[in-house]
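Each of the next two complexes has chain A plus one more chain, namely chain B in the first and chain C in the second.
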Partner chain A sequence: MTIHNLYMFDRHGVLMYYGEWNRKRQSGMTIEEEAKLMYGMLYSIRNFVNKMSPVDVREGFQCYRTSKYVLNYFETPSGVKFVMNTDLHSQGVRELLQQINSQIYIEYCVKNPAYRSGETIQCELFKTKLDELVKQSPIFKG
Partner chain B sequence: MAIYSIYILSKSGGLIYQYDHTSIKVEVEKTFSYPLDIQLTEKNKRIVVAYGQKDGINIGHILLAVNGSQLNGTSLGDGQEVTAFLANESNYPVNLKFGRPKLSTNDKMFLASGFYSFYLIARQLSPVLASSGIEFLEADTFKLHGFQTLTGIQFLIVTEPNQMNVEHLLRRVYELYADFALKNPFYSLEMPIRCEKFESNLRLVLEQQEESSVNTA
Partner chain C sequence: MADDALFDFLHMEIVSQVTKSDPGSLQDGDEAMSKLEQIGYSTGYRFIERLTKDLSRFKDELEVMKAICKDFWSAVFKKQVDNLRTNHQGVYVLQDNKFRFLASISNSRQYLELAPKYLVFTCGLLRGALASLGLTCIVTAEVTTMPACKFQVHLQRA
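The block that comes next holds the complex of A and B.
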């Protein structure tokens, strides 16, 4: 089990934070380009899921799986989007994303008076705490 | 346990076959008094809920019937425009029926080619080497299982979240495609599949699958 990378988007689709741990392949684009492509795809997938669903959706899209990785998606009610790529055997990634939101993002960014929403996260404390949480999680260690 | 629908995409991303097995009707009827407390707009010749979702009537639902009579586009059975009818206070209280819009053939083609592009982008954005595209997609109300053959044809099955054994079903549908569409001398590649035998056998396989999953459940 392993975690590859994490993207965080704000409600307007701006990349707030990108972190990577065990990424084995680069897409050959700059991270800005890659984030745009990623957000564009997620936006379309959300629309796709809304239309494809036989009944009205609540949370909508949750994850997709390819032959080599799983993309986990979690959106908070305020529109902050967490996207984490893991390998195929990882369990409980959604809970981890919820933890990242409540224990790291809220605590060290939202409550930080120097942080302005819609900007790239610069806060060092956020970065170290996030790294700690991710490295402690059973998904990363396993 | 239910299988909602099956899509078959050609190697260039076009929809060549679609079949709805189980469809769920989402319809809500409610009596309203004047003034109407939900906002309606006209979109693609349909009356759509734009604001004020409540009691199971959600944004995106379309107006199906007024006082029990079906709508014809945006006009009532007698030819009167719905918006004019609903603006008139003397017509209240009025009973309105709303429902989730059904996918049109155009919508389905649009969705299928949309999926094809996600498939390619997912491969491009992969953090690991030699990944395929999307093979499985999960939402809170359904699951979508995909299978791409070596020749590039994609089979998609949309099921309920707890449906089991879909991988096997995908292979069965592939077999049926090979037997009844590809081996049909009148079938040309990349074109929509219109073969009665294919369709009847597909229906049979889906019914068998549902029976077996009921038995094991």
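The block that comes next holds the complex of A and C.
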């Protein structure tokens, strides 16, 4: 099991943070371009899923999988979006994303007066704590 | 817990409001700081009455400082002061290794320049609490690496 990378977007689609752990292949564009592409795709999928659903939508879009990786999607009620790419066998990624939100993002960004919403996260403390949490998770180690 | 967060956010806003109202020169910065300190002072002055309503009287100065480190700090910051030192001549140093208002900002030298304004309210809080207990003093604070910080209390002998 591995974690490849993590994107965080705010409500307006701004890339707040990008973290990378085991990514073997790069997309060949800048991270800004890649983030725009990613956000656009997520936006479309989200709408697609909501419109096509034959029953009442509760959680909406959660993940997609290819033959090589899984893209896990978690969105808070306030519109912060966490996107984590893992391999096919990873389990409990949703819980990990919830943890990242409540233990890292809220603690070290929302409660941090040095961070202003709508900006890219620059805080070293956030980065180290996130890295710690990800590396400790069984998904990363497994 | 939500109520803890409420205090954190309110403190953040008070600091940003007070320091934002007069940006620019150093002189104005001092003014903002003394305003913040004054808010802390009156808060501490009132709060200690409420906190000590069930406690017995204190024997001496040291006992007052111990109560500040234990009861007062726990009530405000949900933890005790980590280290209390004194020269027995009216100078006390209270060290908190994980100060609540700095804990989410940084654990390195990043944002070190922001640290002082998040300590001023607490300096006032301490001064007010001690004043209410009959000790006049000057309180200063210093940070070398966040989130640890030291509060220095200079008691003024009458």
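Going forward, the second predicted complex is superposed on the first by the 142 of 142 C-alpha atoms of A that agree within 3 Å, B and C clash if a C-alpha of one lies under 4 Å from a C-alpha of the other, contacts with A are read in each partner's own complex, and residues count from 1 in each chain.
Here, a residue touches a chain if its C-beta (ideal position, glycine included) is under 8 Å from a C-beta of that chain, and two chains touch if they have at least 3 such contacts.
In this text the structure is predicted, and so the values were computed from the model without any measurement.
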{"item": "First (chain B), second (chain C), both or neither touched by A:128", "value": "second"}
{"item": "First, second, both or neither for A:37, with chain B first and chain C second", "value": "first"}
{"item": "First (chain B), second (chain C), both or neither touched by A:65", "value": "first"}
{"item": "Touching partner for A:23 - first (chain B), second (chain C), both, neither", "value": "first"}
{"item": "Partner chain in contact with A:14 - chain B first, chain C second, else both or neither", "value": "neither"}
{"item": "Contacts of A:108 with chain B and chain C, given as first, second, both or neither", "value": "second"}
{"item": "Touching partner for A:55 - first (chain B), second (chain C), both, neither", "value": "first"}
{"item": "Of all residues in chain B, those that touch chain A in their complex", "value": "4, 22-24, 26, 58, 60, 100, 103, 107, 111, 114-115, 117-118, 121-142, 144, 158"}
{"item": "Contact set on chain C toward chain A in their complex", "value": "5, 8-9, 12, 15-16, 104-108, 110-111, 114, 118"}
{"item": "Chain B partner contacts - residues on chain A that touch it in the complex", "value": "4-5, 20, 23-25, 27, 34, 37-38, 40-41, 44-45, 48-69, 71, 85, 87"}
{"item": "Residue numbers on chain A that touch chain C, as the complex places them", "value": "107-108, 111-114, 123-125, 128"}
